[in-house]
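Chain naming follows the written order as A, B, C and D, and within any one chain the residues start at number 1.
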């Protein structure tokens, strides 16, 4: 399990007074980026040096309690599954009172940059991700 | 069915070269806002004049083909279901070649602004939404 | 002068109830993108086919009146100046009552993608831009 | 001087490969929000408890060097001036190599929420801000 901490920014809220729903996806992706960088596969490297990319083919989120500007939140990231050409990350978001306020899942596939076709997840990245599962 | 047309803006893409996944949710929400305004329940009115709001409690999306900057897209909005205290909108996104490039669903509940509890969808809004279903 | 029309979206506002200031820059850039596409230099082409790019080296905005969700706005784009290796675009934003609610300016330079050095604005693009000045 | 550290996220970049210019304004505002919270005037309090708000009436930025995804940046916030009904914040952004990559300024006025007219900056907030100037 990987932990990411942040707070709700003003520009992530909307005129209804709360976090705008799509920004919960931004926040969990920030957590995912931080995780990838920590295990040696940051986006700068993925974009510049790798022959594959990891597009999201499915994303979903549940919203269980409102989030206001300035609230400190904690995102717990878990690897739900790792397949041959895809993997699934799951996210749980907790507010300052440790209440679960939202969840999300992102399904990624490994795609060759040139052919735009699915390819097996490279061994080194697979090893780095599965290590986190334990 | 309601049709919303827009194009992919530079700030909706990311350094991997394509639409950033969470911006697909922004775009379908733009379509939903436009629809609400057209049927007389625009967000300005909802926020300022109504006793209820319509938070999203679940959202999901599929990504079937990449979207680049400048691409003209068409969002088809359909009302999937209307319950007592909730409703579901579904979205299909087509590119210039009329290919389905993505889908999304948003589940909304009707919540009283003061009590923060679920309330039945008001009759006038229910009538306006169900009219669109036909 | 080039005219771009749009409306304020919920995700462009914040919990203080109005347009978040940086989104005024997004909106004027949307106008700029639309203009570039119209004169044959859309971002898809600039990114994929051209040897130069047009980074913004300075941006500024004034905010004269609040903008709420759902408000229809009109952006008037003018070319303030065109130099050898740079150009300046100016923007005026009007609300539904034709009141000037904001202004902005963006200063762009022409930069070679490979050398990351300034290069003269290519003739064809210069011609297309200066045509708009008249 | 107040220091804010963050990193460039994927959704802050665009298909040209770099930080999208308006997101530099978002980032400096994140720094400003963090500063305000630290001195006891966080946005949650400002929005819910105060009779005034602090709209930005002018913003400007310079872009001196490109910023890529994953880059760690440091924002130095200084109070440029504090007037009767307004104040100016200035921002300097440094990359990992301590190179100045961008600057920004935001001019704020103190406005009464009800009358929408300028009011003097309240004493307690003035004291908290001027303390930072020293």
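To be clear about the criterion, a contact is a pair of C-beta atoms (placed from the backbone, for glycine too) under 8 Å apart; a residue touches a chain by one contact, two chains touch by 3 or more.
Everything numeric here is computed off the predicted structure, so don't read it as measured data.
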{"item": "Chain pair with more C-beta contacts, A-D versus A-C", "value": "A-D"}
{"item": "Maximum centroid distance from chain D, chain identifier (CA atoms)", "value": "B"}
{"item": "Length of the line joining the C-alpha centres of chain A and chain B, rounded to whole Å", "value": "23"}
{"item": "Inter-centroid spacing, chain C versus chain A (mean Cα positions, whole Å)", "value": "32"}
{"item": "Where chain A and chain D are represented by their mean Cα positions, the distance between them in whole Å", "value": "27"}
{"item": "Sequence positions of chain A contacting 2 or more other chains", "value": "10-11, 15-18, 22-23, 26, 29, 43, 47, 68-69"}
{"item": "Chain D to chain C touching residues, read off their complex", "value": "15-16, 18, 21-23, 25-26, 29, 43, 46-47, 53, 55-64, 66, 106, 116"}
{"item": "Partner chain C, residues of chain A touching it in the complex", "value": "10-11, 13-18, 20, 22-23, 68-69"}
{"item": "Footprint of chain C on chain B - complex, ascending", "value": "7, 9-11, 17, 26, 29-30, 33-34, 37, 42-45, 47, 68-71"}
